[in-house]
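Heads up, the next two complexes both have subunit A, just with different partners, subunit B and then subunit C.
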Partner chain A sequence: MLRKYTEKFLKMDRRLIFALLTILMFIPLIKPLGLPNKAVGVSCQQVYDFIENLKPGGFILISLDYDPSTRPELHPQAKAVIRHAFRKDLRVAVMTFLPGSTGLIEEIFATVPKEYNKKEEIDYVVLPYQAGFVAVMTQLGSDMYSIYDKDKNGNPTKKMPVMKGITNYDDMSAVMCITGTALLDQWVLYAGDKFHVPMLGGVTAVSQPGYGPYLQKGQLKGLIGGMKGAADYEGLIGKLGKGTTGIDVLNLGHLLVLFLIITSNIILFFMKRF
Partner chain B sequence: MKLIKRTIPLAMVFIIGITMFLSYYIPHEASQTHYVERMNEWYNIIVAFAFLLGLLSLFFTHYGKIKKKVDGWGYSIFVFIGFLAMVIPAFVSGGDLMIGANLTVLGWAYKSIFNTLQATMFSVLAFYIVSTAFRSFRIKSPQAFILFVAAALLILGKVPVGDLIWTTLLGWTGIEISGIVEWIMSVPAVAARRGILIGVSIGAIIISMKIIFGIERQYMGRD
Partner chain C sequence: MLESLFAFVNKIDVASSVWVSSSMGMMLGGWLAAGLTIFMFSFLYKDNPFFKIAEHLYLGAGMGWLFQVSFFSVWMPKIWEPIKSGEDYLVLIPALLGLSLIAQFVPKISWVSRYGFTFVMGYGAGLSIPAELSTNFLAQISGTIVPLFSLGEPCLTGAALWGAFNSFLIFFGLICVLFYFFFSLEHKGAVKKVSNIGIYFLMLYFGAVFGNTVMGRFSLLYGRFDDLYKYSGSNYSYASIIIFFALVTFFVGSHFVDKKKKLKAK
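== the complex of A and B ==
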């Protein structure tokens, strides 16, 4: 009898699992669990400390290379880092190698600068989409205006107050790449290692373990990983957002995965023996 | 014909490859600034042509499928629908996604079509991962057990509820799950990744050398 039920459980219709996951993901959206996110990741803390220690007026170049497919993890990271930079009165330039991310960048800059009373061309600039990352990354090492002579609105960048004194990597306080692709590796190789500009990163949780070697050798000064990293950073800057609400959804989703793996393996273990 | 189809392309690859390689090691402005800048300009022009070529190739391939009515030809229609659904709004709104605080037609298409479709495609993965984990993750060997333990610790360590469960059940040990996760990420994971990186890099160097010296010629096609 028990054997019949356990066999039935193992052959569960996958649509039932889909339904269960949907319900579990909806619960925290309707009623947040609100569990405290106590342990901040070491590499995430390093990003925060690095930006926190920059002097006001410093220049940070942020490459936002993600599109809607990785938006839930990376968009909150980008927003949190830009908020932090604005709070520290840093000058911000944003660029992208992905045509699909232009809309997400517009979305950030339609709201976030207003929170800190920051003005386009004075405090920040949004550079247009560029293809051919190798050429762009190496060109930024000599004269960035030969590639980015205009911003996304078509206005000349060279005379903008935000670009004052900026010609190449030597004049930048840091470069940060937030991406769901392998572009962070390329940034480390073509910009960080070659031109010795401090590199920071933000990646999806699934890619995070791959950047350990760069962190250990100091090729990356810090790394924000996945939604947990976004939630950590939001906590550090004291402005909670979708990273924090998203981690609530992950709470139950992760537990479901663990529960299903453990249960199915326990059942199989006993079925083999009895 | 051999000169145009083989000798000249091979010579171009050899000269550009060697000069780009050497420019990295010659600390002179002519090498590290002027030459690299000129090459970057050429690179961007080639990328622009590659885009156009890719687009034309995509259109011809799918047009051929529709014309011959091959299996699944209906899907090819969506290539054109998707292309037009983004390109027409882009022309109408002059490439602007927003004017002030308002979305343009392109902004609407981005938010309501591109954004929604991509988010849907990716979020479906979550359902398949959970279902596959349940059906396929079988602990049949010591290696699979180690993999499971590492995965379980990482899963728990990445969410506050995992921390809560760990503290409730194993808090008496004095070991924090965040410490274990950090160790896994910075010792075994880094060791494995570093090995992979070294292997991949050596492979990339060898392939590059073979291309530069004309030993590897598959990129030139059959001729």
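== the complex of A and C ==
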């Protein structure tokens, strides 16, 4: 009898698992559980410390290279980092190599600068999409105006107050790339290592373990990984957002996966012996 | 001619962005987003025409967006405007090299594309080979084999000992994994033991990657669910709920129709 049920459990229709997961993940959306996020990742703390230690007026170039497919993980990261930069009175330039990012960048800059009373062209500039990342990354090492002579609105960048004293990587405090692609590797390759500009990164959870060697070698000064990284960063700057609310969902989802893995293994263990 | 076409496209762009930010536009946008998301998820139950519609729309809209962003952010300011103003005719050279790649699709003149590819290959290889060697090979070797203790610093502190242990672990793991991938020696005796330890290091890495992958996928799922929850509100006329139940009704109906057809066929 028990054997019959356990066999049934192991041959469960996977659509049942999908349904269970859907219900479980909707619960915290309807009624947030407020589960705490207590363990801040080391590499995320490094990003925070690096930006925190920059002097006001410093210039940070942020390359937002993600599209709607990785938005839930990377959009909260980007918002948190830009908020931190504005809070520290850093000058911010944002660029992208992904056409799909342009709408998401507009979405961030429609709301976040107002929270800190920051003005376009004075405190920040949004640069237009550019194709050919290798050419752009290397050219930014000599004269960035040969590529970005105009901002996304078509206004000349060279005379903007936000760009005062900025010609190339030498004048920048840091470069950060938040991406769901392999573009962070390229930034380390063509900007960080070649022009010795401090590199920071933000990536999806899937690609996070692959950046361990860059962190260990110091080629990356810090890394934010996935939604957990976004939640960590939101906690560090004290402005909670979508990353933090996602922690409830992640915890419940992980508990379901753990339950299924452990239960299936226990059942298999006993079925083999009895 | 081209100028008036650009002006017309710009007018449409401005008009559409005004309409999209209106309350009606926002609500229809919510219905569209919720509908397409639910259509995509419906594949988890089984393949269906709604999933196909959403899939094709996704590809088409993606390509359309890519084209317009490339056109207005690259082609217009980098090629069209410098030529039109007579500022810089040299941009014609990279533009023609780029256009030559399209010749690949016309068999009779496909040889023209070689000029573009030659440039891309030469330029790409020249830039990437030294950079790759330096960043991903030499720098990683020096990062893997590091001194256990630094000269002039105390060795018996907790941090120094922990650092030394980490450095040794990385070096030891690297050697064991390299042994696992060394096939010119028969894996038996001491070699087998070392390569077996290498397998454990690899398994640890794969476990970390898999764990992170699960977390990443759940995060993406949460993103869509969060939007669906938003669109289920009264300000979007309960879009998610209505579309979800309409789709469930469709599946239940199609199930009975299929059953009837099967019975008739028998």
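In this section, the second predicted complex is superposed on the first by the 274 of 274 C-alpha atoms of A that agree within 3 Å, B and C clash if a C-alpha of one lies under 4 Å from a C-alpha of the other, contacts with A are read in each partner's own complex, and residues count from 1 in each chain.
FYI, a contact is a pair of C-beta atoms (placed from the backbone, for glycine too) under 8 Å apart; a residue touches a chain by one contact, two chains touch by 3 or more.
Small disclaimer: the values here were computed from a predicted structure and weren't measured.
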item: Partners on subunit A (subunit B, subunit C) - clash or fit; value: clash
item: First, second, both or neither for A:V134, with subunit B first and subunit C second; value: both
item: Partner chain(s) touched by A:L250 [first = subunit B, second = subunit C, both, neither]; value: both
item: Partner chain in contact with A:G100 - subunit B first, subunit C second, else both or neither; value: both
item: Touching partner for A:F26 - first (subunit B), second (subunit C), both, neither; value: second
item: Subunit B versus subunit C as contact partner of A:M1, first or second or both or neither; value: neither
item: Partner chain in contact with A:F18 - subunit B first, subunit C second, else both or neither; value: both
item: Touched partner set for A:T204, first subunit B, second subunit C, both or neither; value: second
item: Touched partner set for A:I261, first subunit B, second subunit C, both or neither; value: first
item: Part of subunit C, among the options 76-84, 94-102, 184-192 or 256-264, whose backbone runs into subunit B after overlay; value: 94-102
item: Set intersection of subunit A contacts, subunit C complex versus subunit B complex; value: 18, 21, 69-72, 100, 102, 131, 134, 138, 205, 208-210, 213, 216, 226, 228, 250, 253-254, 257
item: List of subunit A residues in touch with subunit C within their complex; value: 15, 18, 21-22, 25-26, 29-30, 69-73, 99-100, 102, 128-131, 134, 138, 150, 152, 154, 188-190, 193-194, 204-206, 208-210, 213, 216-217, 219, 225-228, 242, 245-246, 249-250, 253-254, 257
item: For the subunit A and subunit B complex, residues of the former touching the latter; value: 12, 14, 17-18, 21, 33, 35-39, 41-42, 67-72, 100, 102-103, 106, 110, 131-132, 134-136, 138-139, 142-143, 146-147, 205, 208-210, 212-213, 215-216, 226, 228, 247, 250-258, 260-262, 264-265, 268
item: Subunit A-facing residues of subunit C, complex; value: 44-45, 62, 65-66, 69-70, 73-74, 77, 124, 127-128, 131-132, 134-136, 139-140, 142-143, 170, 205, 208-209, 212-226, 229
item: In the complex with subunit A, residue positions of subunit B that touch it; value: 32-33, 36-37, 39-41, 43-44, 47-48, 51, 97-98, 101, 107, 110-111, 114-116, 118-119, 121-122, 126-127, 129-131, 133-135, 137-139, 148, 152, 155-164, 176-178, 182, 185-186, 189-190, 193-194, 197
